[in-house]
């Protein structure tokens, strides 16, 4: 299987490296508009034949079976459509597209042409999130009550997208992966302290049917690095701290038991549970290693990948609603 | 000066103790509806003359100069009005009242009668918040960008008030004390996972004129205790972690310098500053010690206390708006 | 059962309080040389009949069944002997005596008179150490490899005893409780930075038969408070951090498997194990509560208490050897 | 200036990379006994001309001005002597040699031939240790009281050297750099839990003239990674935690003031100081970058480097004494 990779900024070389080490795959061509990035790639990966500033040399290359697009999000849709039109399987960087409408068109096109469409929701493939998913799916956590994620630090200020598109895509993809249903409404608040229109911090609240709630705080302007997610269920609670080098996940056998007295409805008894805490061993395999494998397998087995176009669409839908709410001063946006 | 204290639940004995140690003050009387609480007080403070289940013995006692009310919030207004009507100076537990309208009436009544009206916003009197206020007032932090506070743990579920009235009152009072102006709108999201109507977790976003934003996350259902506030300014940033036993405040000489290129407005240069971090020594005097002193001094000097009725009103106003927003599914509430 | 308590400094009031709450026990008399300490006791515990500066009023009081001695260590022996001579059961504060010889004489005397002799090795009765003991006894940790304890902070400088007698008594008692056999030799290094002869920091190495080793670092002159003990076994490893408010014990399913290749003895294969980490729920009952109960039960049941005279002797023996080594510049002292 | 590097195990490639980026330096040749290591070097650094299994091609190469030796410590002496004999300047990996006698011979030989002899004491060149040295040298810390270092984790078990040679070399080099005088005696305790003779954990106490003491705990068999050094002075205290990603150094304005009452010598007054804590910004330049620069500069300027042969000798002397003490069961070894 021959792969072409379009876009070699920060993330591109990692994609090249991870696809290169697969036995049944060859990275045939890489493109980027910047020649210095291409020089860098040529030096590190001397076996790549085509290294070009013209992405059409990849998109229209007959030998290329699948295309990976790691360019700025605004170009995902046109490049992705062109790739599909040329019969290439497609792996898109997150976020999938700049609008949910574009995502829908891509999904439809890929289906029509029976091509694999996958989105690189990196965190879904980390050992930590895989373990959390396992704990949730097994029922060990119980019914989910909330998902609360904080992702802040003194970060690079992007000039094309705001902090929601840049950082919240990660948290939204994890939340969507765990709760497996879309929210009913979103409200979000953001502030652009410097650039007009490019918010550098934002809070996103996602309301769901039932009592589940999701909340995300993303921020490029914080003095300390915090990557902390609380996932609370009726049976156990998880703290996922991605800054921790080893004990990233802590599962607390803690919670509240609410006993309703039958005869007197208003007389509610609360009991607190506090038991052991367990930090499960986390598989530290690089996420991109699993992503490249999943993409190739999905193509080979002609099946949907774990993070397919629909997953990409759901994430974009929430980010889009969050931005819409921010622009309207926090107005509740129904989905 | 003779003090009477109404309400001796969790907080009451601390009030009795702190007023008792003042040289120029005598705690004359204490009331509570529960005789076992009164027994407890009698044993620990054998010098208190009147210990009664009837608060009128305090409110109408000619010898009592000032009354402290530490009862459930729903009773603050009627008891407070009665105290003022009897010419007593008044210290109310936080939150000041159940509605902002009640707060306004109390303020007016106290002013009309030239009586001191103070609210026990405890945190304002801690060494940590006093140090933060000093740093902000001195200009060392620069223009304030945001206030972000998280106050979560596996907490006691209250049965009369939700988590906003219970916990957010602390954060709102600190935020109000630092920013010194009211927000223009509030939106909040909360969930009642057990009791109908009694939210056990909530997110509150407060928008202000200019670019300042405040955000508060309060939660009774979290596996770990977090008390972390980020206060970010144009010059420095503060992390206030109240769980830390000693280094509660860390001041980071970190931030972003935004340089606008004169000729091309859109060409913005970002420079990151990263300098030293400093954890100032914090005075660990008990906050209630300073509160009792401030109340007595305000009475003696016939002046407004640091946390006067207006401060109490502003906090209630924000809590009220937050609850209103929660009940309307996150709708933006203008102030 | 009637108890008399001699010595009411820092620890004495805790002893009074914990013995007072037992149903079958009465604290009959308390003595201290300082009248202000006695006043304090009288106010807090108005039911205690005899409060005196003369300890003989306790030692020779016919109604007193048992005596608790919480005076400076140099007085433990004469007071303890007098108590036994008067037929009183005896609970001594740690360290048991100023010399191991004194401990031996007390043990013999108590045995001859069939009286209970117990030492207040407080930490043995904490939930944390009880849990560690349980883990070690059950075999879950495997064969013990080492015990490493650090107990440092900016502490009160004692004027009668050095840091070894003050702090290391805790660690030595825990180590002795876990390993259940005496070391074969001790070497220790200490420095007196201020007072001649009163070391404010010390390192103690205890060698045992087999490959087990114990090491203790105690220090009154450290900028941060550290209370961290590593207990390493062939199967699992424990980190006991007493500064942690809740997760005091962490059990790591980590270690090394050494496989000796049969044919080539020198070819050793190392395999690293890294599994889950578990922080067991710790019972937070106050240690002194369990100590007072154990003492009373031992008297009632006419049996040896958990921390009997022999345990006290073993601890004093190690402290004595450590001090001897320190005075000889680190010389190895055989036991 | 042409450099040859002998030994390309774990550390070698870092040496190659850091010497390669210097403008005035060319890495001419690299040797290693393992061809797979050489292949790896050839691929990553295609510009290196000579890549060989025979180190003599470097040692006897006329074009080579300076040699870097990163082989197992037992070979440092013969290879280093050969390099000097061929007129090459010499950078040796730490520890400098297997015995202090060898170090003395190398120093003498280099001096006789007027060649630069430097030892790669890596930590001395880190931003953290440079900052500590600056604080100590400036007098800000006051007179040094002690140096206490813990370097433990579940580490690779070496098969040729014990944990003292492997890990303690780091701590000893830092201690020597700060205190700038040799200890008068060493005592050490170590245990080999698996391999006979290869200790996997050790405690080293170093006594100095005056009241200064150094202590080092190194351990390959610990469940958690600890890299914590306490450096205590009469004015301030430093905690250096190398596991912290950013705030590696914390300077505490804490301590004890001892006031001797003139008339009564034994009446000593203690006063505790507790002030601010400051975490200075640390320069994160890679240490090896500074090391390669220092070596080249020392050669060019014909001067002694910061970590010269004498520094290497002093470190080996202490490690040697520590091992001697371990083998004699903790006996005090005079220096």
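Residue numbering begins at 1 within each chain, and the chains themselves are lettered A, B, C and D in the order written.
Keep in mind that, in the parts below, a residue touches a chain if its C-beta (ideal position, glycine included) is under 8 Å from a C-beta of that chain, and two chains touch if they have at least 3 such contacts.
Just so it is clear, the model here is predicted, and its values are computed rather than measured.
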Remark   = A correct list of chains touching both chain A and chain D reads B, C
Inquiry  = As a test of understanding: of all chains, whose mean C-alpha position lies farthest from that of chain A?
reply    = C
Message = What's the distance between the Cα centroids of chain C and chain D, rounded to whole Å?
response = 39
Query = In whole angstrom, what separates the CA-based centres of chain B and chain C?
reply = 44
Request  = Express in whole angstrom the distance between the two chain centres, defined as the mean CA positions of chain B and chain D.
outcome  = 53
Task = Name the residues of chain C that each touch 2 or more other chains.
result = 274
Request  = Please give the residue numbers of chain B that touch chain A in the complex, ascending.
outcome  = 145-146, 148, 150, 152, 154, 157, 159, 185, 187, 189, 191-195, 201, 203, 205, 207, 211, 213, 215, 217, 219, 221-224, 230, 232, 237-239, 250, 252, 254-256, 258, 268, 270, 272, 274, 329-332
Task = Flag every residue of chain D that touches chain B in the complex, lowest number first.
result = 247, 253, 274-281
